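I've put the structures underneath this note.
First subunit A sits with subunit B, and in the next complex the same chain sits with subunit C.
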Partner chain A sequence: MIILQVLLNGILLGGFYALIGVGFSLVWGVTNIINLAHGAIALLGAYITLFLFQYYGVDPFLSLPFSFIPLFIFGYILQRYLLNLVVKAQIFMLLILTFGIEIFLVNFMTTFFSADFRSVTPDYAGESLIIGDIVIPYIRLAVFAICILITLLLSLFLNKTWTGKAIKATSLDIDAAMMVGINPAKIFAITFAIASGLAGVAGSLFSLTQAFSPSMAGSLTLRAFIVSILGGLGRVEGALLGGIILGIVETLSSYIIGESYKNAITLAIMVLVLVIKPTGILGKKYFAEVKH
Partner chain B sequence: MKKSVILFFIFIAILVILPFLVSGYWLRVLTQTFMFAAIATGSNIIIGFTGYPAFGNIAFFGIGAYVTGVLMTKYNFSFLLTLPLCALSGFLIATLLGLPLLRLKGHYFAIATIGVMEAIKEIVDNMTEITGGGMGLTLPIMEGEPAYIYKFFYYAILLIMLLTIAVAFLIFRSKFGYALRAIRIDEDAASVMGINTSLFKTISWAISGALVGIAGGAYAYWLTYIDPSTVFETSYSVKMFAMILLGGGTTVLGPMIGAFILELVSEFVWSKFIEIHGMILGMLIILIVIFIPKGLFETFKGGFSFRKIIINLRENKL
Partner chain C sequence: MKRLSFMMGVFLLSFFLISVSFAADVIKFGAAISLTGKLAKEGNLVKNGYELWKETVNKKGGIKIGNRYYKVEIKYYDDESDPNRAAKLVEKLITEDGIKLILGPYGSESVFSTSAITEKYGALMVQGGAGADKLYTRGFKNLFGIYTVATEYMDDTLKMLRNKTPKPNTVAIVYSNDLFSTQVAQGARASAQKYGYKVVYYKDYPKGTQDLSTVIVEIKAKNPDILIGCGHFQDTVVIVKQSKDYKLNPKAIAFSVGPTLPDFVTALKGDAEYIFGSAQWTPTLKYKDPVFGSNENFVKAFKAKFGVEPNYHAAGGAAAAVIFQRAIEKAGTFTDINKIRQALASFNEETLFGKIRFDATGKVVDKGMPVIQIQRGQQKTVYPENAAEAKPVYPKPAWR
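What follows is the complex of A and B.
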């Protein structure tokens, strides 16, 4: 029975990973930027939730728009006026640039919010749904549901709206997209803005499930990266699958081998997938299959 | 080229005399700068010469530090004897990792090296019996006066830096170096021309790993205390990359020059603005990438001008 509990914990964790990974994967797929600051942006969302909760008593779930909107704008400006300037440079320039942004943000958070671990604990934090031997905290269930819902909404956005289709078109063929009147500089900025906004929401939800500190930015980015690798770039359904696989693998391996090797195992899986199949488990190039 | 060689030797001569003129504080700062110059120059063999962005090359630094640390504390090795073993372990581990990982390109390779670095860090963290785990490892303190110890490490790490530069220079000038550049420019074409690309890439990474490993070993004894988070430090990777970018990765001396500029600037910033030091470092890296993505050497060949900066900006814009 305990194995069922472990699996369930993995799936619930996986929903969160899907949300943090989907934006990262979208940016990578559309703009070919690996945003190493993704985890730091997510933590900004966590601090927004903490701030609203501590000083104004705002329910953490109601603070989601307040982390989405500012980080959406932040992401837009960052891409439009900074990353777009170097988007054609060698790829590791962009890696180093986003890492520079990460260092800046992490140090910014450390300076203003201190390096201490913080947590957001509303009154209902301890309550759980109990079915037989299985315990599911309500908060984790809600976080999972919101993550899945947002990920599906993103999928709808990409498939149904003009902007969404423009994003996909740009990722497929940037020159052709320009010919039909799409401005790639704007599309890149919007893509990055969506990713940052979603990262912010993911961060807010993260603050509800565990204690956090600025030093966790790197490990969040790493997980976003693994989700993208597992699921294939820019694919929403891939991110869902990748997130849930990662969640299950992590909880299972900490249960079987021990908590202290959790990261090493996650990393080993990432390197293995990279070496065996760099295009991800779903194994197709970004949106290329949509074209045909 | 000749002028730069003469300048280089004058520069080294000044560095050799310097310990008799400056305070212990500056000796420490300069020793640290030499260390970064060695790491950047050593890593540049795979990053700049071969064109494989080994972001996590600091892994070999950590490995070297732990080889020296473990051998000195558990097996009573003398310091100098551990250094060749640091090089050997860096060389072997890079060879083993190179065979699968060097098949990856660009982003994938960069991220895989970060992954490997983090994984090695976790393993070291968990091998508590040998490495002391998260509690770290305290090395035997060197005997002698503090002034003597300062000078010892100053000259030792200066020598390591010079050795690294010499190796990089020999590679740069050799047929092997030409082959590496051919791989950077067009790997398929290099392969068609009869270059065994996977062998050459692996050797280049192994040499790079060996050199960075030696720097790590010296650092461990200098610091006398190491733990996984200080020697497998991601921000060192970033600094190293920024140094290579700043100086230019296609040259031998570029990374060293980058190291001197960045390290001295960040030391200055650190002493003036302790609180926001990290933020300024981040800003500095962002500015380097945006304004001089080709490095100082390439950008300002034949004189400084703002026009060149503008050209750089236009070239990489969307």
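What follows is the complex of A and C.
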């Protein structure tokens, strides 16, 4: 029975990982930027939720648009006026730049919100659905549902709208995309904006299930990184699959082998995927190709 | 011209005499401590403890040796929270400034590195800022520490709980895999066995973990009466939140670190209620003190000087200095390190920090750890009984 509970926990956790990973994966797949500031941007969303909850009593779930929109704009500006300047430079330069942004954001948050651990605890926190021996906290269930919903919406957006198709086209072949009138700089900026907005939403949801502080940015980025590798770059379904695999692997290895070995196992699986199928489980060739 | 040089001569001579007499009437202590860097908060609190002690002693005339009173001076260096730098600065204190009475820095790493230097030069250190067991396993003779060490952290909590009704029988111990928490957990397991509990769960998790739901689910399956968490502040928050999520309802939850910090209640609000924590010291302890008169007076004096209630960092600093002073007075010398060391080795006095005795390794023994419990958002001392502000609430009500 306990194994069922553990598996369920893994799947629920996986939904969150999918959401944090999908933006990261999209940016990497489309613009070839490994955004080391992704986790820090997510934490900004967590602080927005905390701020609204503490000072205005806004329900954490209702604050999602308030973390999406500002971070969408923030991401757009960041890409358009900063990252675009060096997007054609070597990958190393981009890593340094995004790492710099991460350091800046983490210190910014430390200055304004202090390094203390915070958590958002609405009245209904701790309420759970109980089926026999299985306990499913409502909040985790809701977080999972929202994560899945948003990932599906993103998939629809990419496949059905002009902008979405333009994003996919740009990631496929930047020159051909330009030939049909797509402005890559703009597409890059929109992609980055979407990714940042989604990271913000993920952060808001994160604040509901766990305690957070600015120091957590790095480990969130790492999770996003692993999800992208597992699922394949730039693919929404990949992120969903990668997220759920990561969630299950983490909880199962924690249960079977021990919490302390969890990260080692996760990284081992990532290496395994890279060796066997370097494009990720659902990745197709073009998404992972270096385009410069 | 002659007159001027005569005047200057007199002036210089008197200045010389004054400074000689000053030098003779002063006992100099030295401390390399974290005034900046990541341990700045704690370092400055320890320093505040030293400063309050110095002021109080000097107001009374100073340290009495024979029939003479000596004023106290403390020379500080900022170790910038770097143990290597702390060691260099203590070397400087001893070799350049000629100070052999060293007040400890804050943090086990810094005490570890600096005590090696005091040992090397035959200087003496009394410290109230570090609790790692490994400090006392190196055969040092010149280091004395007043923090209860890691392996004894949870002993009093388990002792307090053993006679409660309904009687708790089983204990789950979960700990962060860093050195300090591992030692706390090992000690907790030993104490649990000593008091006749059955340890039904004993596992570690990686330092800085964010999700412990699997661990919580596993512990829940064992249905322990007592849950002991040995980790850091963040872990305690995660454990409490997720225990609530998964309806893990032991009769008592106790943490080694966490509930003693004000942030604990800020982060958890109502969920922090009735959780136990171990403290090196609490403001309500009813001990006498040779310098401040009593622990209560120390708390009052600290509040008057710094405007805030002292915590155990500040109390540890003040208490270490008090013990140093008493040892010097007993030894009747402040230059003969050997005699002062002997006075420390045979030390047995009540101070604001507790009844202090050292074993052969310089580690404090039988001091105990007061237990606090969060009640209505406040930290209340609930053990030992003679210092208790409130009765411990047991069993802990189930999560709402």
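In this text, the second predicted complex is superposed on the first by the 282 of 292 C-alpha atoms of A that agree within 3 Å, B and C clash if a C-alpha of one lies under 4 Å from a C-alpha of the other, contacts with A are read in each partner's own complex, and residues count from 1 in each chain.
Just so we're on the same page, a residue touches a chain if its C-beta (ideal position, glycine included) is under 8 Å from a C-beta of that chain, and two chains touch if they have at least 3 such contacts.
For clarity, every value in this text was computed on a predicted model and none was experimentally measured.
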item	value
Subunit B versus subunit C as contact partner of A:M270, first or second or both or neither	first
Which superposed partner A:F99 touches (first subunit B, second subunit C, both, neither)	first
First (subunit B), second (subunit C), both or neither touched by A:S119	second
Touched partner set for A:F108, first subunit B, second subunit C, both or neither	first
Of subunit B and subunit C, the chain that contacts the larger number of subunit A residues	B
First, second, both or neither for A:E250, with subunit B first and subunit C second	second
Which superposed partner A:A185 touches (first subunit B, second subunit C, both, neither)	first
Touched partner set for A:V87, first subunit B, second subunit C, both or neither	first
Partner chain in contact with A:S260 - subunit B first, subunit C second, else both or neither	both
Residues of subunit A that lie at the interface with subunit B and also at the interface with subunit C	260, 263
Of subunit A, residues touching subunit B in the complex	34, 82, 84-93, 95-97, 99-108, 110-111, 184-185, 188, 218, 222, 225, 260-261, 263-264, 267-268, 270-271, 274-275, 278
Of all residues in subunit B, those that touch subunit A in their complex	47, 53, 55, 100-101, 103-104, 106-108, 110-112, 114-116, 118-119, 122-123, 125-126, 234-235, 238, 241-242, 245, 275-279, 281-286, 289-290, 293, 313, 315-318
Subunit C residues touching subunit A - in the complex, by the definition given at the top	177, 203-206, 208-215, 217-218, 221, 233-234, 237-238, 241, 244-247, 263, 266-269, 271, 399-400
Subunit A residues touching subunit C - in the complex, by the definition given at the top	2, 5-6, 9, 13, 116-119, 121, 125-126, 128, 130, 135, 137, 139-140, 209-211, 213, 216, 219, 250-251, 254-255, 258-260, 262-263
